Amino acid sequence: MVSGGDEEVLVVEVAGFSGPLDLLLDLARRQRVDLARIDMVELADRYLAWLEGARRRRLALAAEYLVTAAWLLYLKSRLLLPAAAVDAEAEAEAVGLRRRLAALDAARRAADWLRDRPWLGRERHPRGRPERLPMRRTGPLRVDLAELVRAWFALAARAERARVVTLVPRRPLSAEEALSWLARRLTGHDWRDLRAFLPPVAEDPLARRAALAATLVAGLELARRGEIELRQPRPFGPVLVRRRRRGERP
Amino acid sequence: MSGEEAERLVEALLFASAEPLTEARIQEVLGARGEARAVLARLRTRYAGRGVVLEESAAGWAFRTAPDLAPALARLDPRPRRLSRAALETLAVIAYKQPVTRAEIEAVRGVAVSRGVLDQLLEHGLVAPRGHREVPGRPVLWGTTPKFLDFFGLASLDDLPRLDEFGDGLFAARGGGTEDPSGA
Amino acid sequence: MSGEEAERLVEALLFASAEPLTEARIQEVLGARGEARAVLARLRTRYAGRGVVLEESAAGWAFRTAPDLAPALARLDPRPRRLSRAALETLAVIAYKQPVTRAEIEAVRGVAVSRGVLDQLLEHGLVAPRGHREVPGRPVLWGTTPKFLDFFGLASLDDLPRLDEFGDGLFAARGGGTEDPSGA
């Protein structure tokens, strides 16, 4: 069966096998090229001889190698019965093993084929300095008149402050001023946030709160006159406002 | 190796490199296959006018996409845009004080108006040049466009709210309708 | 825009990207300037035999350095890509028998597929989960990605050699569908 020299080589290679099936494939390949016709009895003998050699050299083998050995021994014993008595089950198991060896063989060849392909990053290289393409913004412009006007008033106020050195005494925006501002600005019939109609005031929080209060009073007054509608969908939420359509009843 | 092969190698090398490569480095890879300087010159000629150009900078040689294609290569971003604070203020000054020079806008805003800000407004078609101020340097005068009126839903520039509409409010303009906070 | 200009644009677009671009994406940038497929075909011809070649795969179109230059370019990447033997075999089984469960891979290889092996393949983006097998335990099914094709320079899975070319028809899985090589 296996010569001593062969054994030597096999034992040295033990680390290279990933499991008994891998080892069996290697042994089968030494026997024949056509794995479908592999002699199971001979394969079992080779395996057992290899195992014996490995044990003599005290190689630590995983238990599965021994399980496979036991199974092969059993398979061999049944295949060696007189032809008439060879059971179909043993034949089927032999065929199964041949198929598994052939499948593993194909997988290994496919792996070799992939290994030898020109890999990306090994034989073929992508662009090393990919460039970020610029973004072109094409969306619609979002800005409204109130923003534009507020920007202007803020600039004007800043310029005014810079020019006039004497301090102007601050006084809150009056309800009348807020009323006149809101009555003129609020033209739409869509619900809008009341805060969009704040007259421009100094940027300090107190002045803004006073302006908000005055604008709310103005809104209530205009609503009382039936010119506009006010609505607050949830407690402490934003107050919404719109102009009442002509002819609509309050 | 033929000159053609040296060219192929340098082409691949420059393409795959993460950094621009110096002539010395290229020569190192090229070895005896060719003279880097000559190969680079041939390669640059080959790519001249293509979508990709071979550029030499202080850092070395590198391929880059032809600059003139940048607009066509840009990815489109369809999200709604807002004007930057600077653009909004600049537009406001132009709207209220037109026709106005860049220097005048800067005087009101107190900061320089960058090229990008005016470009933004031009791109949206909200402002346009309106001739020149006849002073030394003949600076361009800027004004709003009909599209500006359209965009903000104004029938005319007279519809822009004025400061004095607040009676004697905090920031009421002095005097008549032509408030001029810059004092110019 | 002339055909030449469309070619420049696509050339620049592909050069700018390290990843393959789909024909749809290229057409999107090209717009009405040309027909992507035709432009790509011209471009491929133009680059044939150069140091950089235009490749097409299911992942899309991409410029890659010519494989024959690999030895000269070897020093370019200080950390060359590696896949362990176990990972390559596992990948081969997945490629041929996809979608396939871990247990099915193990049946072919005769050993357990370790977490590390799958991690290696996932890290390289070569495989991805493809749903579950509707059997008890609902095991994850694995398949290859478009990156797999790009990685190994394959136009499609059909470029994988037929396994009976290996001298054995038993493992003729793809197309055959659900054959179980374990013989179970």
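To keep things simple, chains are lettered A, B and C as they appear, and every chain counts its residues starting from 1.
Throughout what follows, contacts are C-beta pairs under 8 Å (C-beta built on N, C-alpha and C of every residue); 3 or more make two chains touch, one makes a residue touch a chain.
Keep in mind it's a predicted model, so treat the numbers as computed, not measured.
Participant: Taking each chain's centre as the mean of its C-alpha atoms, which one ends up farthest from the centre of chain C?
Facilitator: Max centre-to-centre separation from chain C belongs to B.
Participant: Quick check on this structure: which chain has its C-alpha centroid closest to the centroid of all protein C-alpha atoms?
Facilitator: Closest to the centre of all protein C-alpha atoms: chain A.
Participant: When the C-alpha atoms of chain A and chain C are each averaged to a single point, how far apart are the two points in Å?
Facilitator: Chain centres of chain A and chain C, defined by C-alpha means, are spaced 20 Å apart.
Participant: Let me have the rounded angstrom distance from the C-alpha centre of chain B over to the C-alpha centre of chain C, please.
Facilitator: Going by mean C-alpha positions, chain B sits 41 Å from chain C.
Participant: Once you find the CA centre of chain A and the CA centre of chain B, what distance in Å lies between them?
Facilitator: Taking the average C-alpha coordinate of chain A and of chain B, the gap between them is 35 Å.
Participant: Which residues belonging to chain B are in contact with no fewer than two other chains?
Facilitator: Answer for chain B, listing residues that touch two or more other chains: 12, 15-17, 63, 65, 73.
Participant: Tell me, which residues of chain A touch at least two other chains?
Facilitator: Residues 125-128, 131, 133.
Participant: Under the stated contact criterion, what part of chain C meets chain B in this complex?
Facilitator: Where chain C meets chain B, its residues are 7-13, 15-16, 29, 33, 49-52, 63, 65-66, 69, 72-73, 75-76.
Participant: Given the complex with chain C, which residues does chain A contribute to the contact?
Facilitator: Against chain C, the touching part of chain A is residues 18-22, 33-36, 95-100, 102-111, 113-115, 117-128, 130-133.
Participant: Could you pull out which chain C residues touch chain A in their complex?
Facilitator: It comes out as residues 13, 15-19, 55, 62-67, 70, 73, 76-77, 80-81, 83, 85-86, 88-89, 91-93, 95-96, 107-111, 150-154, 160-161, 163, 166-168, 170-171, 181-184.
Participant: Under the definition above, what is the set of chain A residues touching chain B in their complex?
Facilitator: That would be residues 125-129, 131, 133-145, 147-149, 151-153, 155-160, 162-163, 168, 170-171, 173, 176-177, 180-181, 184-185, 199-202, 207 of chain A.
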